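Shared between the two complexes below is subunit A, which has subunit B as its partner in the first and subunit C in the second.
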Partner chain A sequence: MKVTFPHMGNAWIVIQTLFESLNVEVVVPPSNSKQTLTMGTRLSPESACLPLKLNLGNYLEAAKEGADTIVITGGIGPCRFGYYGEVERQILRDAGYDYEVVTLEPPDGSLLGLAKRIRYLAGKDNSWAQILKALRFAYRKSVAMDRVEDLIHAARPRLPIPMETEKLYHDAKRRLAQTMSDKGVQDTVRWVQENIRERQEELGTPPEGFQKPLRIGIVGEIYTILDPYTSMGLEEELGRLGVEVDRSIYLSGWVGNHVFQGLAPGYRSIKSYPSHAKPYLPHFVGGHGQETVGAAVKFAQEGVNGIIQIFPLSCMPEIVAASVLPKIQEAYKVPIMTLIVDEHTGQAGIQTRLEAFVDLLERADLQRGIGQTRGDVLSVEGR
Partner chain B sequence: MKIGFPRALYYFDYFPFWAGFFHQLGIEVVTSPPTHRRIMEQGLKKASDETCLPLKLLAGHIQALRDVDAIFLPRMVSVEADTYNCPKFLGIPESLFPAVPQGMPVLTVTLNWRKGKRRVLKDLTVFGVELGKSKSDIRKAFLEGQEWQKRYQDSRGSGWDFEESIRKIERTTKGLADLPAISSIPPKVQTIDRQRIALVGHSYLTQESYANLNLVARIRERADVELTEHVEQKEVDTHLLGLRKKLFWNHAKQIFGAGNKFVKDQEVDGIIYLSCFGCGTDSMIQELLARKAREQHKPYMVITLDEHSGEAGLVTRLEAFLDMVERRRAHEGNISTYGERLDRDSNTL
Partner chain C sequence: MREDKYFLGVDVGSVSTNIVLLRSDNTVEETLYLRTQGRPMQTIQEGIKLLRAKMRKSAEIIGVGTTGSARQLAATLLGADVVKNEITAHAVAASRVNPEVQTILEIGGQDSKIIILRDGVVSDFAMNTVCAAGTGSFLDQQAARLGIPIEEFGPLALQAKHPVQIAGRCSVFAESDMIHKQQLGHSLPDILAGLCQAMVRNYLNNVGKNKDIQGPIFFQGGVAANPGICKAFEDELGQPMIVPEHYGVMGALGAAYLAQEKVGMRPEMQSRFRGLHLAETQFQAKSFECSGCANRCEVVEIMQDETSLARWGDRCGKWSVDVSADIRTGIKELKGGQRGA
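Up next is the complex of A and B:
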């Protein structure tokens, strides 16, 4: 058995760790690329959402490296993602790929069923204690991964040479992927911290009139938030434009909630979002629709300069969220922009819109500086 | 008190329940008129671009409700155990506030059968109390609503047209004489040389004759038509069994179960799946059903509606499909449908 799984940003680091600590052979599919998308789109229903197309592409590419079993998480709706596994299995089978698909969820609510599936993946040689230990370690790694990402978010607008920051990020990811000890994990985080501090010291004290970077909160559908290929490098791009980004969902928060059923809080818990969303969307709507609204409220209360919502074309929960965001924009006088991506989205288009948005925020920020309110500069395009 | 019920989306399946419920409570319910051009235009103006056609129509119907004291927009999370409605149903009414006229109150209540009957009754009671009704009033109204809904559901096999069945139910329950048999009910006996075409899809698309450009009537010119609603629940359930994982959307279950039955039914010569742009659940179900149809070499076509769908495109595609089915009937199915895969790409009208 050779296990593979779909990509979603840096999640591969954590998943790979999990299987390797259980001595299960695992194939990390090649990173998401144009080719992944083209291959996946060819097999997908035209109107499927973008993540499904990329998933299929990942499986096809992993098959070339001998993978024969797919692991994904599931759900019981109402978001489409919960039904991906079955649809993907049928599509692959018809296309002549003999994949076994294991969905990590309690089938029809049966925990025993879930245990069986885990057992199937982990093989006979691993005790439950070992499995638990591996899960815990992978989880701690995901928390560290999130901390590194956060540090990079802060570093991007503050350090002068973007290339260096990206290299630091890249190296940190590689180190995290390789290390199999808690010490190694902690060291990596510290190493990133020190690196950033050193570079800042080299810069000396900030010059007169140094402005704090603008802050933008990113909310939306988890796949598009976490996967830079899908978002056209949204975070990096904003960083280059001098913006510090924060986002509604971090991998460990999702893992804590989705996989550990809320038993582990994650680096940044997503638990408070529903209550933040309450005045605007009191009911959950599947996926992370309500979280998107809640996070937007939270960001607005924290005083970010702007908010960006991103989601794949036709994503149902996010469309609901998008239709209530204008109220938050109005209530908090915070500009909100919506980015919708599909397989035709071009880098250039996104870049232009980001530049325009940041431009708008800068002007608004300046005005606020001289004692004016932001008034009506709120008619941001995008809806 | 007079409340408005938009003639869109859940109207097409669940209106009987609400009509019975409010009738028993002595609250008058008015519906918006059948869709016409202005309703569609108003809807497009007030709904977000990204959403699907049925929600845009709902936005239009909300604005078309005149002379009412409030608009009723229930949050219908789930209508049976273990399933959900589409996520967009869960975001109603909030996502449709922009379409509600200034100053117009909105009434809403959550209906969630996932949590069982007691919970449903409890939620309805809280809602009823706000309307100044007593607990026992609500109980009665709930039963009445269920009765209406059941009658409607039972009439599915024979009832042709939703509007007609509603009128009929209303009349019988209000103790008025039954209407004479409705002439538009198609004869049950199949005329031998006519094709039999199954039309599957969300009720609010297949029954929405304005938006679907009169599709049902058009097919009926050349063929007998079967609808998702005509299939009995038991049969729907048996035809869901082949799935490894249970479907968790109520409508999707109906559509796939009925569609799968039609695929296997020798009497049915072809299947048309009516969908609309941006429908998330259809994007999955349509794929699953296409596979079944291909396995059985059953002619299968997807029609995807949007607000720009034109008559010319529809007629051409429909004619081509029916011609193909005709040819196949003539040759007793010797032609593989692989050569005529109409179910993929360029299904835009």
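Up next is the complex of A and C:
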């Protein structure tokens, strides 16, 4: 058995770790690219959303490296993602690929069913104790990954040379992917922190009238938020425009809530979103629609300068959320912009919208005046 | 002396390239409107050539701003002092013309946008670049199909007695529906007025959705020349449309104002403008796909003779020789302190 899985941002680091610690052979597909999308689009129904198209592309690319089993997570409710496992299985079969598909979800909400599937993947050689240990380690790595992402979000607008920041991020990801010990994981986080602090110190005292970077909260469909290829490098681009971003969903927060059924909180737990969403969207609409609304409310209450919602074309839960967001914009007087992506989205169009949005926030911020302390400005300790 | 100094604003879009020459007393000296026709570099050069023919020998350009979808390209060729997106440029131009303006409806050849201003500051915006049913080229096509010059489109529409209902959701439906109405024997003015209404409905549903449209409303972009569309907007919104004098070149005008803002801030600053002789300079553009990582960026490079003037399109900064790197920081200088660095 050679296991593969679809890409979603940095999730590969965690999934690879899980299987490697169980000695299961795993194929990490080549990162999402134009080629991935082209291959996937060819097999997909025109109206399918972007994640499905990229998933299929990932499998085709992984098949070239000998993968024969696919592991994906499932979902419930009106979002199509819930049956992607099945749809993808059939599309691949029709296209002549002999793939087995294992959906990691708690079937009928029972953790026992989930355990059975994990057991199947792990094979006979692994004891339950080993499986649990591997799960726990992978999970801790994912929390660390989220922590690193957050540090990079804070560093981007504060460090002068974007290329160096991206290199730091890249190196940190490589380190995290390689290490197989808790110490290695913790060291990497510390290493990133140290690195940022040192570079800031080199910069010396900021001049008079120094301003805290703008803050933008990113909400929307999980795949689009977590996968920089899909979002056209949204976070990086904003960082370069001098903005610190925060997002509604981090991988470990989502895994903790959905796969482990809330047994683990993860980084920036997403549990509180439904209650935040209550006044605007009191019920579940599938996917992350309600979380999007809840996160927008939470961000607004925390006083971010602006909010960006991003989702793939035709994503129903997000369309519902998008129709509610203007009320939040009105209630909290916080600008909210919606971006929709599909395989025809051009970088230039996204760029223009982001620049204009940041212009809008900067002009508004200018009038609010300045007067932050050095501590405020240099703090990258996360919040 | 001062009156011989000018600011140049250039707006390069996919359909048209607009150029504005602004006097230092804030009045417009010259406006040019050229068709881009898929050749932005040549169009920009041709524009400069036309401009030079009109300017006095002693005239001097002391600040340059660019905007539009090819703003980066234009900035490289011209040596711009400020590069800004279209939303900001249009908003700046409109609020300079009338500080009271609260809404800008802008419909150009390829795209359309709405900008909401409060107290002279952009507070909300939306733009639509994919749906062709709400843009100038749609009107051009329909006028051609009906065999009337586009200039007569608006005046004829105004003569309508009973505008017909035309499906405006999509340009394909609108077109077939229009043909159908024509076959039923409706009069030309009634059909034209119906088209105007369909287009306005489409715009308000797609671009203007959820936006708080309040007066005074500016209507700008090439389509503002069409009184039929103007009337359809007025009927739909119950408010008068103000069409500013330079409605067709507001983006370029905004870019010129932005250049003026920037230079005015620091009088000792030397413009990067490369001179009016750039019409004779040979530029080459090429692009390649980087294979450095999975991003596979499409990198664009502009060369003059054998030297590289600028490269962009890479996500990681590996290739950028970015003319605009320090232009982009303009707004930061404006605050007297850099952001975050």
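A few points about this structure:
One rule holds in what follows: the second predicted complex is superposed on the first by the 361 of 383 C-alpha atoms of A that agree within 3 Å, B and C clash if a C-alpha of one lies under 4 Å from a C-alpha of the other, contacts with A are read in each partner's own complex, and residues count from 1 in each chain.
Going forward, a residue touches a chain if its C-beta (ideal position, glycine included) is under 8 Å from a C-beta of that chain, and two chains touch if they have at least 3 such contacts.
A quick note: this is a predicted structure, and the numbers were derived from the prediction, not measured.
By the touch criterion defined above, A:Gly85 reaches subunit B but does not reach subunit C. After overlaying the two complexes on the shared chain, residue contacts for A:Met180 are found with neither subunit B nor subunit C. By the touch criterion defined above, A:Ala115 reaches neither subunit B nor subunit C. By the touch criterion stated above, A:Leu132 is placed in contact with neither subunit B nor subunit C. Applying the stated contact rule after C-alpha superposition, one finds that A:Ser47 touches subunit B and leaves subunit C untouched.
Of the two partner chains placed around the shared chain by superposition, subunit C is the only one that A:Leu203 touches, whereas subunit B remains out of contact. On subunit A, the surface touched by subunit B in one complex and the surface touched by subunit C in the other have residues 326 in common.
Against subunit A, the residues of subunit B that register as touching in their complex are 47-51, 75, 77, 82-88, 90-91, 94-98, 110, 243-249, 275, 277-284, 286-288, 291, 304, 344-345, 347.
Residues 30-35, 157-160, 162-163, 166, 203, 206-214, 229, 233, 236, 241-242, 326, 329, 335, 344, 347-349, 351-353, 355-357, 359-360, 362-364, 366-367, 370, 377 of subunit A touch subunit C in their complex. Residues of subunit A that touch subunit B in their complex: 45-49, 74, 76-80, 82-83, 85-87, 89-91, 94, 103, 107-108, 280-287, 289, 313-317, 319-324, 326-327, 340, 383.
By the touch rule above, subunit C contacts subunit A in their complex via residues 69, 84-88, 121-125, 127, 129-130, 210, 293-296, 313, 315-318, 328, 331-332, 335-341.
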